Each structure stands twice: as structure tokens, then as C-alpha cells.
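One structure is given below, represented as C-alpha cells, and several questions about it will come after.
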């Protein structure tokens, strides 16, 4: 609804004004995330001096792999910028009773609690991701068909949606438990599995892990599907991945909303 | 101003708030003390059930200004949270403006407001003016009406200069005033206030009292206020609901509390010089000697008989007959209730 | 647990022991309050290694070599597990920022007045903290290492074990003094956090946290015959994670082992002196400003 968008813009604008006021801090935060990212890129470059491919016959040679990394950067930076800041503040809101104030307003609580804060410095990684993607694509031998380019943004959105669903589930857990279970740690451990192409999970342990991370908690669909569509040959089979990603996105959004509503219904509220 | 006629409290208009048998229980886990207990707590945690609100009945009519008075932990804030839909009850029903609060319908939420003392509802990083604009969007207030209401409220509380500063830079009193403005922007029919004057200085308290009285009267709002300060109650409400340990102890007018719960009045005698103790003590009432002043507690039923005799004592220069202060009555109410609870607990 | 005790007396050994025992108990109780965190948290910290193992398996699978820079696939898994252990000794979370903060808010003043040495106090607090951590983490660690024992080469000989333990002790001291010196920079700079961040970044890359430093043997530096690994060898960073792990795995032997231990010890001395000097000059500057 237009009203929700207008409200979101007010929040975003306020955050932007604040970031520009504390400009030095903002730049430092950008540099921080860029710093960690470049260390990881250096590591990948080092690995590729010893091998030409990640996983035998998987097709993840240097340029496709960096396209994969770029896709991950873009999706994760969107989630880190728009949803994580609010979710992290939730523990504090539960503790101080700020959540009470939200529940009393005639506005969807999930919207308010997941989007009232924007961290613009997190978009720095996304910008680098776009650049990295351009570099990788320009150096690849084959170019993907037009349909792949059309599907790519849609699949990026699906990836964001799946991660958003996970953020909401963790937020619901925070509301129910009230205590300070560090959302950030949990998030890191969970998304850590999706840092590399799913093909690396093979073998007696890897196979089941891959299944779980694809069909139970579909984090492997987040980056793999769009990256594969654009960096690997596009075949009829690719449509299966696309379908899976779209279904997972819808399911993630619906299920997480239901869980969140249940959590709100059972909210205890801090004692006065 | 105080009407002691009980019929005056039969709701004239339709009852805006109707509560029947409302109860809220919590399961609380016991905190382990010491190392051994901490280890044991890993495997098995003991818990007990706390009844914050125990089957309460209440009816509030439109335009009433009701105080929920009680000591800390009495359940008054829990009751308010139930009525504003923040938490769901264990048992019982409630209806506010025709809605079930904990269903959190948007139509319902648009018609009431909640202000909690010392807890912030304005967005911390935004200046108040931005918070107000956000409010306008969220509550869908007509722009022209919004501006008029905002200007009116801001001027009434004298906070016009403050609305462009980020909220976190303001003092508690200033923030409270801005919270009140924000709460009333959408012209709610019902206003819930949770300890609004807590932590404020006397001047701020007074300003807010005046403001609330004025606004409530003009808009015919129904106001429910929780507090443990008698000052709030005396300044604002005709009707008091006394709550202790989740139960309503008393529901009626302030004046009636005096009638119902005290048996004596306080008589203060000023003498030219410190009187002879035995001269006063022979009347047989508890008395306190403070130099040339004597304070007696005389049964109400016997005042008319006894007073002339006392006044006849030599050297009486001035006399005042007063009710027992409300604070004392209420404090005694709480104490005796706690004592009764302890007795019941011990006899179990 | 922050490093501030209200009444600190220069103590005899028995009193010191009792204080430590109380600190230990309090630390443990604090840990146990977070029931969920207790064992689960420590186990969870091994999760990222799972991903790394799969990654390296895929890397090895794609090449035809048996080893990379002297590490087989199993070696690499063992290496990552060992760095979890070595970093448990050398990482000092919050130490630098804690010192900077106490300089900023003035709580460092009581150490200027009282006859307690700030650095020794911090060291004692850290040792207590670490002991609690080891006590709590020992079982999860043992469990993981036991389950993964097939990745490890046979237990090394007594000399290697001795060298390993020595390097662990030195890495604890090295990590400690490096962070304390960093924190002391708070006497000169308002925003130490940017400096600490830079340190963390370099540590991340060069300590061996991400990969064995041996992998840098093939990276040229522009100087003939000198690889990046050789340069890093002289810097203190690799001794906080890489070195001890490499010693256990038998990747550093004989004369090189001795010289590396010497370099590590040398850095410990350098940093210990550095933080002493920083304390001395910093407090002089601090008092000059009236705190």
C-alpha cells in the first residue's frame, strides 16, 4: 500500500540524515564491511592459484565463482541494509517495552519491526558486488541468454525474500524468549553454509546437508539459483531451480508471517 | 466537586470499557542462587505461577476519568496492557469501544491511545515533529485537522520550541509532554495512561495535570490512569479503583474512601503555650504533643460531643478538624491487605 | 566480566588465590545463566569449519595434486581444528577496546593512584577469564577432536609436544601484550576503534585464521627468492594462530622450529616492553591533562 511505502520513506530518510550527520562513522562502517570482504576475496584469489575449479566438473571456475560471490554480496547487502538493523534492535525493544508502543499502533507490527531502521553503509558491499559481477561476466567465455538476464533480478528478490523470512523467524524467537540470544551470531552461522556453491556439499555427510539446506531451511537456494542462472549454462534444468526458488520465497514469507503473528499473540511484555 | 452519590457512577452514556472476570497468569522461572544451584538449573528448573490479575470486573462509562491506584506489582499496569491489547488474558472477557482489545483490530487501535511513563514511544532518532508526521500517516489523520490539533496541543503544553530537536536530547519532562501531544494527535476516544508523572518534577507534574484535565473535559475523552501517587488521583479523578495483588479492593469515589475507610478525624489544637499533658490526655484519645500544638485522633461519631469540651480547655487559640490524609488511608489499605494476605498464607 | 574490581589490595598469595576462586565462580555462574549458550554455543563455533572442510575437499577434488603447499586434505581439516584451539589461547576479545574505554571514561585513574600494576591486573583477569572458558569449553572441544581424530596425523613426539605447549603459552602472552598496547593508544587517540579494526583485519589475513601461511610460499614479493610467507614469518601475526598448529602437524621442524620459537619469544618481549612504555608515557600525558 502507498501508505506503508510513504512511512518507510520517512524512516529511510531519517536514517540517511543521521548517517550523513555522523559522516566519519558512516565512512568507517563502509570501510569495515569492505575490509572484511576484500580479505575474503584475497583468500579466493589465493585458492585459485592452486586449482582451476571448485569441485571437479562443477563448472565453478574462477569467473563463474566470482559471479557467485558477487551475487551473494548483492543479496546479503540488501538484507543487511534494510532488515537486519531493525531485527537487531528488537531485543532491545522487547527489553525496554518499546514493543508495547508498536503493538498499540494501527499498523502492521511486522512491517514496523523489520523495517524502521536502514543501515546504508551495508549497501557498500552490494555496490562492490555489482562491480565484481560486471568484471566476472565480462571475462567469461559464454554469455547467458536474454531470459537469464530477465530472471536474474527476480531470483535476487527471491533470495532476499527467503532470507527475510529467516530474519522474521529469528525475530519471532526473540519476542518469545525475550532474552538476549544474539541474533547476529545465529544469523552468521546459518548463512555461513550458503557462502559457496552447493556442489561442494557432496559425499555421505555433504549430500544430506545439501538436502536439508535446500528443502528444509532453503538457504542454499538463496545465492545458488541466481548465480547458476547467470554464470552456468542455461538449460531446461535451470527452470527447476527457478521454480524451487520462487516457491521457497513464497513459502518463507507466508510461514514466517504466521510464526511471527503467533509470537505476537503470546507476547508477555516486560513487567513495569 | 466531589459527588458522594453512588448513583452518579451509573454510566450515563454507553459503557466504553467492560471487563468481566479478566485474569492474567504468568509462569515465572526461579532464579538459581550460587554455583551448585546454577548447575542443577541446567537440567531442571522450578517455576511457579504468578497471578498478576485475578478475575477482575470493571465498567467505565464515556467521559469518565478513572484512576487505577495501587502499589507496585499490584497488577494495574497488567490490566492496562490487557485493555490496550498488548497482552492476551488467561481468562475472562473485555470490551473497549466495542472491540476485543487483544484482537488488535486496526479500527480499534485508531480510536485509543496509550502513554507510558518513562517508556518511550516516540521514535528515538527523529525530532518530535517527524514523529508527529509519522503519526499522521499511521493514523491517517486528515492533514488540515492534523495541523490544527498539533498546533493546539503543542501550544497548550508550551513545547513548540522543542519539536525540532531529536527526542533523545530532551529531558524526561519535555519528552513526556511531547508523548502526550503525539498520543492526542489522532483525537482518541479513550486514553490509557501508565504512571505518566513518574520521575517528573513538581512543575511538570502540575502542567500535565492541568493539561489532562483541560483536554479530557473538552473532548469528553474516557481516561484510565494508573498511578501510585495520590497527587495524580486527587488532581484528576472523581473515581478511584484501588487494586492490590491483582484484585480490586475498592471502586468508587475518592470522597467515599474517606468515609468508608476511616473512623476518625484529625483535630489540631494550637495553644498559646505548651499545655499540660494530663489536661488533654484525660479525654482518652490518642494525642501527639508538638510544643504549643497538639494533634488528636478523635472518633468521627464522637466529634460533635467531645469537641466543645476540648475547645473549652484553657489557652486554646486555634483549632482545625481534618480528614485523615488520603495517602495515609490508602497506604493503610495496602498494608492491611498485605497483612491479610500474609495471614492467609501462613494459615495454609 | 569487565576488568574492574572495586577494592584491589596488594595481596598475599592466599588472599590472591581466594580472590581468583571467587572470580572463577562468578564467571562460571554468569556463563551458566545463559543455559542455551552453555554447550551449544561452543559447539556452534565449530560450524564454519564444516563449510571450510567441504570447500577444501572440493578444491582438492578438482586438482590432481595430493597436497597443496605440503598440506593434504586431511592436514587442512586438522589445521583448522587446531587453529580453533590456538586462537582460544591468543584471542583477547574486548581487551583493547576495554582499555581504551577506561581511559576515555576515567576509570583508569584508580590504577594511577593505587599500588596495583594495571597490566598485571589485566593479565590476572584475563588468565581467570581464560581458565573459566577452558573449563567450560573443554568438553565440547574434546568431543569434536575425538570425532575428527581420523583427520589428524599420529601424535607427535615429546619434543614437538613440548614445543607446541611452549608456543601456546607464548601466543597467549603475545596476543595479550599486542592488544594491551593497542588499547594504550587510547591515551593518544580518541577513536582507537579504527586502529583496532585495522589490526583485526591484518590479523584475520595473516594469522593463519583463514588459511595456513604456507600457502603464501608461492606468492612473490618483488624481492628475489623472498615469498610472502617469508615476510609474514618475521611478523608477529602468524604466531597467534598458524604457528602452534603447524608445529603440532609437524610442518615446522628442527632448526626452523627453534628459530621460529625465538622470533615468537622476541615479539613477546618487544610487545611487553612496548606496552610498558605506552603505559608510562600515556599516564604521564594523562595526568598532565588532569584526567
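Every chain is named by a letter (A, B and C) in the order it is written, and numbering of its residues begins at 1.
Simple rule for what comes next: contacts are C-beta pairs under 8 Å (C-beta built on N, C-alpha and C of every residue); 3 or more make two chains touch, one makes a residue touch a chain.
On a predicted model such as this, the values are computed, not experimentally measured, just so you know.
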{"item": "Subunit C reached from subunit A - shortest hop count over touching chains", "value": "1"}
{"item": "Most distant chain from subunit C by Cα centroid", "value": "B"}
{"item": "Chain whose averaged C-alpha position falls nearest the assembly-wide average", "value": "A"}
{"item": "Separation of mean Cα positions, subunit C and subunit A [Å, integer]", "value": "31"}
{"item": "Subunit B and subunit C, separation of their C-alpha mean positions in angstrom", "value": "56"}
{"item": "Gap in Å, rounded to a whole number, between the CA centres of subunit B and subunit A", "value": "47"}
{"item": "Residues of subunit A touching subunit B in the complex", "value": "3, 6-7, 10-11, 14-15, 18, 96-98, 100-101, 103-107, 116, 265-269, 271-272"}
{"item": "List of subunit C residues in touch with subunit A within their complex", "value": "34, 36-37, 41, 44, 47-48, 50-51, 54-55, 57-63, 65, 68-69, 193-194, 197, 201, 204-205, 210-211, 215-216, 218-219"}
{"item": "Subunit A contact footprint on subunit B (complex, rising order)", "value": "26, 72-73, 77-78, 81, 84-88, 102, 104, 106-107, 109-110, 112-114, 116, 119-121, 123, 125-126, 130, 133-134, 137-140, 194-195"}
{"item": "Complex contact set, residues of subunit A against subunit C", "value": "28, 32, 35-36, 39-40, 42-43, 46-47, 49-56, 58, 179, 181, 185, 189, 192-193, 195-196, 199-203, 206, 209"}
